[in-house]
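Letters A, B and C name the chains as they come in the text, with residue numbers starting at 1 for each one.
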């Protein structure tokens, strides 16, 4: 049941993707039937691509560990481990069914625990397409990704437990609701919105949640001068940030490739391998655009901007990784890389303190990628894409703001000024990430 | 031949797992026959899941690098690389056959080099199920995991070469013997013991070997005061420890998923995807339990305890990742997380110096996970599980102690007091892990 | 069209590999036909093994980050990200077709952009074997590997942009031309040269390019004294170097395993799993040989030499990972480990400054591995192998030298002496990799 809904995730995509299951008829099976071999291939795709996306949690942990000061590194590590745990648990407890069960063109599903059922397949009928568990696994790691986006933006000043409460609400309610509109077969899907792997449904959702958090939380002490100056606060370990970016790049093959939701036909294999190379070259475009642009503007290439350029390229292609040519995918990613180079200082000007640049990468490039879908996919319209972007953005920004504000005025969300100076690691965890090396607490 | 034995690894498991090969009859093949497609799927499962487990060697290396002081980091890196090499070589030279060949309900196999044979498959008969090489690969990375467990516990004071001699004996003799009792079709398997992927056969074996080593080796200088005080010795890099934990978490999908030993039927696909999500949520349980418990006990969340909580959750579910519901798997992992928070200070009280907490994670949670099997698997009994835990534990602890003691009274196993102060890196390797950063040798 | 050429990559290999497609006739399909299932398996092999090779970019980045001084770490990270981007783009723009299209026994293909075509498969004819995109993906990550080899050798003194221009030429022209001679079905393939996964075509090509760069660029300031003395310049983070080595080891299963170019038959599954275990044990041989040898020579085990020993073992087996027995593969790798221990000080003696030892690992062991093919593969001759090694080496060394020299006498390739002292990170990027820790610029 939930699996059938889930297939709607492909609604509005290209003919190629839509034909994925249909083309199984090439196999020596009766019309409309899925063979056991296709069933295994489909399941295997979810498992392989799912573990790649799961590993993105490590990528975010390293990226963020590298981009915060050493006095906050242990805390950001803890947040990344625990947000993955909380998000996965909540998606089981209510999130999955809220997103996929009984949406029927509406605005949300049924909030109740997920439970899988493979009775049909065990009885020899494989029309469900894949195992319930592999589907759940693949969808679960997506919600964890969404939560990971938030942690980087609000780093270095947010309290641990309130942050996790926010993650719980995000994974249980906010993400599933907007997800249900499209991938659960809700009103956006019926309207013709198109978002193959989640430029909007995952990345922008995380970006909007992060943006509202950054605004409500306020900037780190010392980031913005009273005179309008912006102080750069360099991260503690650029090799870890680089490692994190490479892990995310790797994970994106799973993120976009697995979103084909099937591998049981030659058409699926063609689609996924097309997705792989488009995903890769969009990141290439983001890297090169960020390099050239920072060289032109600043006369030096900025490594952290290049890393964010790669990620922006990846986010940009995520809404439609299956339809562009390699050249188009390169350009879509390159525009993402340009946008991130523009957006980061712009947010600074607005005095919005995004520690790792996640809003620029995931929200700005996510919007761009979603709006760019009609350029390569006839099944999407600019108006439809804009509607989806606005509706999802409006809902997530308002819902997130409410949660942040409730937390702010009850338990509080921000560490004390002394604790911020000392660093979250010593203040909140009572330890240091690098006890023998630099003392992050001595650098403001 | 060895492959048939190897299937006994599944003996005592749920009906679902037992039916894995049988269910191939759903495919259009004759009764009892394995199709070429199933043969490829089974082999592919061993290869994919095997490379994930292989990567756990990197996970252990990073975890341990992050949890030792900087003056011993290069040495622990070297040990992790070389133990993987030694374990893999010894498992080829004698270990595999000692574990799987000619056990026949007994106490060990035949100590002789492994050699593969795929003549049947090349002749068109695929009843062997998978290639000999993929089976060897998957089993080999398990023994490397066992050895990795030991290195963390005895870190910062053991000599390099004697440690590697111990690893060689562990991989060639100790691990294969207890492995043969169950996965090789020996007496434990016939008695009805159940250990799907190795809570006992891998993790407890590593844990017992580590425990005996820690006792015989003694604690690091300065760890325990004469007045009974315990001095915390913080690790040098918590982001590396976090990265290591994430890599291990990723690898565990291979560890448990691949232990289904087949992917050639829909039933196998269902089993493996069930294993994936149970494995994941057990780690989630371990994370959350360790977080909540350390918050309650110490008023601060301890990152290293949370990382060990994740690992303890994973170890706990390893004995039966296929039978629990998600909720049960969560609870099984959570108990593992609780146990590790209790066990770590308990070992300290016993003046047993376990540098990274590996005994608490792999031995304590391993025992728990093994004893918990009957809760979700009707095919196992508490008495049977206890017998297996005790027999394996008794044998490994005694055999390991003998090896450690022989090494101690011949070549010696402990670095000199001056070398321990200076650090193994300078003393044993003549270099430093971080020559430009902190000087680990200056922090006692 | 290009795909058929591409299969020639297997030319000259063992009967087993040659029979890979032929053996599909075991499947219930007409003679000479490839089934849809085999088509999916083949494509999946390219995708899985391709993403493993892609991740080697992260391995090189970490290895090199760990082996340079902290003042040059951010720059080497940037180079590793950007070279992957540039190489992938150029291979699309001209490289792939220059290597695989219209070579016909000759010396190069057609320099024009790649474009895929799966019309046959979509029409139900799967004789192309796999999707065009999966093939391109797998070949693309190989050229990126080649470029990665160069960056380590010329680190700490080369300018960023000229380095990337070199990478562009390497990926667009040099690598494709020598690749076309063999894998594109050119003159070397017709002559009977054998190089299964690229000991020569990838690793030696990278090594020759690196060697010519190191010579033309000159040594780092202070590396070699006027009195003939050699100053060791230790790397900044040995755990990152260890992590990089493990990632490369993991990636090598993809590198060698995927080079079977098919997974659609039992024979392919047997070949790939054989390749996995041979690849692994060759690295084991390299590790153990380097350990024992450095212990004997220097009385201490050198971790960086052991890491390079592992890589040398992997490079050595790459020319023929499918034909040796485990014991032979171990020995082939061990010889590679010995060679690297000898070659590193030898290069120092020649005053060739190879920062990470890449020439010793990739060129020296690459030559050894290529010449060793006839020992285990009857289809290769020593004379044929020597011809390939010499022809590829001569062409790459001369072509690379021309490119380096043109760059040197136009834009310049070396940073100024002051910038070298200050470090590339501050000089070229205006930032620091570890702003809170050690100051690399203070250690000469």
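Observations, loosely collected:
By our rule, a residue touches a chain if its C-beta (ideal position, glycine included) is under 8 Å from a C-beta of that chain, and two chains touch if they have at least 3 such contacts.
This one's a predicted model, so the numbers in the text were calculated from it and none came from an experiment.
Taken together, chain A and chain C share the touching chains B. Both chain B and chain C derive from one sequence, and where they touch, under half of the residue numbers involved are common to the two copies. We define each chain's centre as the mean of its Cα atoms; on that basis chain B and chain C are separated by 32 Å.
For chain C, residues that reach two or more other chains under the stated contact definition are 37, 44, 48, 237, 243, 434, 437-438. Chain B makes touch with chain C in their complex at residues 36-37, 39-40, 43-44, 46-48, 50-51, 54-55, 57-58, 61-62, 65-66, 73-75, 77-78, 80-82, 84-86, 88-89, 92, 113-116, 118, 121-122, 124, 126, 130-134, 136-137, 140, 160, 237, 240, 243, 428-438. On the chain B side of its complex with chain A, the touching residues are 26-27, 37, 41, 44, 48, 52, 69-70, 234-239, 242-243, 245-247, 249-250, 253, 257, 263-270, 272-274, 276-277, 280-281, 283-284, 287-288, 291, 298, 300-304, 306-307, 310, 325-327, 330, 434, 437-440, 443.
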